[in-house]
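Below is one structure, written out as structure tokens, with a few remarks after it.
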Amino acid sequence: MGVSGAGARTRSPRRPPPAPESAMALLETRGLTMNFGRLVAVNSVSLDLEPGEILGLIGPNGAGKSTIFNVITGVYRTDRGAIRFQEREILGLRPHQVARLGIARTFQNIELFGEMSLLQNVRTGFHLQARSGVLGAMLQLPASARREREARTASLGLLEFVGLERLASQRAASLPFGQQRLLELARALALRPRILLLDEPASGLSHAETDDLSHLLRRVRGELGVTILLVEHVMELVMQLCDRIVVLDHGVKISEGSPAKVRGDPRVIQAYLGEDAT
Amino acid sequence: MTRVGLLLAALLAFVALPFVATNYGLYRLNLMAINLILAGGLDILTGWTGQISLGHAGFAAIGAYASGLAILHLGVPFWLATPLAALFCAAVSLIIGAPALRLSGHYLALATFGFGEVVQLTIVHWESLTNGPRGLAIPAPDLGSVRLDTDRSLYFLIIPVTAVLMRLAWNLSRSGMGLALLSIRMSELGASSVGISLPRYKTLAFAVSAFYAGIAGALFGGMVKFVEPGAFSVAQSILYLTMIAVGGMRSIPGAIIGVVLLTLLPEILRGLQQYMELGYGLLLLTFIIFVPEGIYGRVRRWRSHAFPAPSAARA
Amino acid sequence: MFLDLLISGLLAGSLYALVALGMVVIFKATDVVNFAQGEMVMAGGYLGYLFRNVLAWTWTTTILAVLACSLVLGLLLERVANRPLMRAQSFTVIVASIALGIILRNIARVIWTDEVYALAPVLSGQPVARLAGVRLTAQNLFVLLSAVALVAALYGFFQTKLGKAMRAVQQNRTGAELVGIELPAIFALTWGISALLAGAAGFLLAPLVGVSPAMGWIAVKAFVAAIIGGFSSIPGTIVGGFVVGVVENLAGGYISTAMKDIVTYAILIGVLMVRPHGLLGQGLARRA
């Protein structure tokens, strides 16, 4: 059946769903800076993520792309700059707090719960909605049991969305790489996020799998109304999927705009060529 | 055999056993059950969330002394003193756990070590309260008018209590909250990325494990009718860690295996007393490096290789 | 009496600091807290007894031999107990080092029982100096100066090429690997140095408490010292050592001997609750 779900592969126009109430950016960073000792990994980066768009973040290795993700989600701490989500300042929040606000993510090095089944992995994403006290959980009170059933049903639904429902009870660690990626995506979607941060989702995927991924992500944006920020090296995915692209080099934003514009930007070419030359 | 049939058989065995077993055998069984409560609770902290505690004997001590003193001086009946003492343990755990759990695992190991030592030292030196190293005699547990004075009568208290607590832990492991706890050990990054608050859940696991240890301590005091600080040392704490590491973490059969093995081992090797601790250390080191899944985990692996899981397994 | 307690606190603190430095050195390079550090101290005591009392070597030879053998012991332990766990989860490493400590201590108990052996101090117990009215013995000065010498040697080592490589690994392991630094070699060296410091501390400690498997308990005080210092810097750890030594001596003198130990643990728990990152430095926490 392939890596993707049973979604229709229509050639839908690259138009995001109508923007909600305000025209304010959904997520914006202003002058975001991250230092590791004397190494400046992210240098005063400002970017906007518009609701409903798919924004690509690219750049040569070491450009600071994953670091930005880690700062936005609170994994790394910095005090330089600002991050606003739905006009609320989120710099300094811890990872679980960022997740609860509606920003989900996947990881470059997969961070699945290997010993759990696929269903259980996705189920953990629902833990926020299906919350019961310790006592309720231990005593299997009817309310907890009902919420538990609902969460499992919803988890199965998400596994269906990404096409993994037949493997629901298998151990996550036994999955091949591409499917682990999909599982992480399903788990992230369980948060019902407004924003999805994807860290190199296509890395290690075959050409066909990348294609499927591209269609799947369009469905995530179109059907689930999720805004996507994507770090990626695989250019074909970036070019065919993203509405806009931001280019980083050595922690600095050097270009942004439509794929066509960025592709032709001499600074971008220089940054990548410079890397190839070494 | 049907499910109901199995249950009835187990019930029958449970009721019949004390009438065929020796008193000493029952004593050993009771002791193992108490150890299981503590080990099972410790597993929720260490096996599920991956936090190491070197001070759980301290919680058992608090449970034993708190309930014992409440019975002696305040006239609180045993059935009330025990859960209250356990709740007290949980409260204490919040005090030392909450700050330490925000940081790396090393901190909790050190903090709990310190805690266990402080508890033991406090018991030894606060003679006016605890009678110091000489220990405290505690009356046998009484449930209303019934005095549980024999191994057999204690069996009928301890085994059901153990079974209930283990069942509750099992329920927890199948719940969303249990999954959240289990996820922490597997990937802290992944867990926090789905909104699981690491400090909150680790603290929760710590409190539950302290509660279990408190119950175990109170039951132990009631069973041997005597408490003294020497029984609650850091060596004991490490012994419990060894039980779950050897038997297999994150599973009740694993905990049972570990408890049975390490409760009976000292008896089997009675002549080699001085090698006992060395043996535990070697056991712990060997298992943690080469058999991290424990005996039960190994058994499960062999079984799944021998009998591949059916494809339409229930999720 | 206050000054008496203060001085004896500083002397004890210098030993705590030595042991703690070994822990901090290992932690900074390998992210591992060595729960068997106390047993490396114990080894130093037994080695001292072996060379001096059993083999009847001179003091100089004994000291050199203790240092050398401690270094080798550290390298050995690293190879056997740490190297196989290089990529293991921190949980496994912590439990393994706890188990290692138990094994080492009990090997000593099995071979030599719990009996306490007496090791004479290097220098005499005669008072030879006065500091603010407090009498200091020759041995006191020897301990102090040895500690200072070892710390100075440590500082000096970190200026060498090898030392700089170790500092690089401490700051950024992946980065160090990328520039070609051999991690296993650095880890081995780290444990060797740590064991050397511990062995020296054990040798200096032995005349005070006797040689026995229980010597390793000094590690608890050293842990507290390291935590106060935030597990991060040499000066911080030294200050931590002094704080522990002085406070416990004052408590012992003014309240009761029973309080000495309780106070140490109280400091441990107190620091962890109030300022877990230590009074100086960033502590054991790595990420946000």
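Order of writing sets the chain letters: A, B and C. Residues in each chain are counted from 1.
Here is the rule we use: contacts are C-beta pairs under 8 Å (C-beta built on N, C-alpha and C of every residue); 3 or more make two chains touch, one makes a residue touch a chain.
This one's a predicted model, so the numbers in the text were calculated from it and none came from an experiment.
The chain with its CA mean position farthest from that of chain A is C.
Located most centrally within the structure is B, per distance between chain CA means and the overall CA mean. A straight line joining the Cα centres of chain A and chain C is 46 Å long. The geometric centre of chain A is 41 Å away from that of chain B, both derived from CA atoms. Note: centroid distance chain B to chain C, computed from Cα atoms, is 33 Å. For chain B, the set of residues that touch two or more other chains is empty. Annotation for chain A: residues touching 2 or more other chains are 75, 94-95. Per the touch definition, chain B reaches chain A in the complex via residues 168-169, 171-172, 175-180, 182-183, 186-187, 189-198, 204, 208, 313-315.
Listing the residues of chain B that touch chain C in their complex gives 50, 52, 54, 95-96, 99-100, 102-107, 109-111, 113-115, 117-118, 121-122, 125, 185, 238, 241, 245, 274-275, 277-278, 280-282, 284-285, 288-289, 292. Every residue of chain C that touches chain B in the complex is listed here, in rising order: 33, 35, 81, 84-85, 88-92, 94-96, 98-103, 106-107, 109-110, 113, 220, 223, 227, 258, 261-262, 265-266, 268-269, 272-274, 276, 283-286.
Contact residues on chain A toward chain B in their complex (touch as defined above): 73, 75, 94-97, 99-100, 104-105, 107, 111-117, 119-120, 123-128, 130-134, 137-140, 144, 147-148, 151-152, 156, 168-169, 187-188, 190-191.
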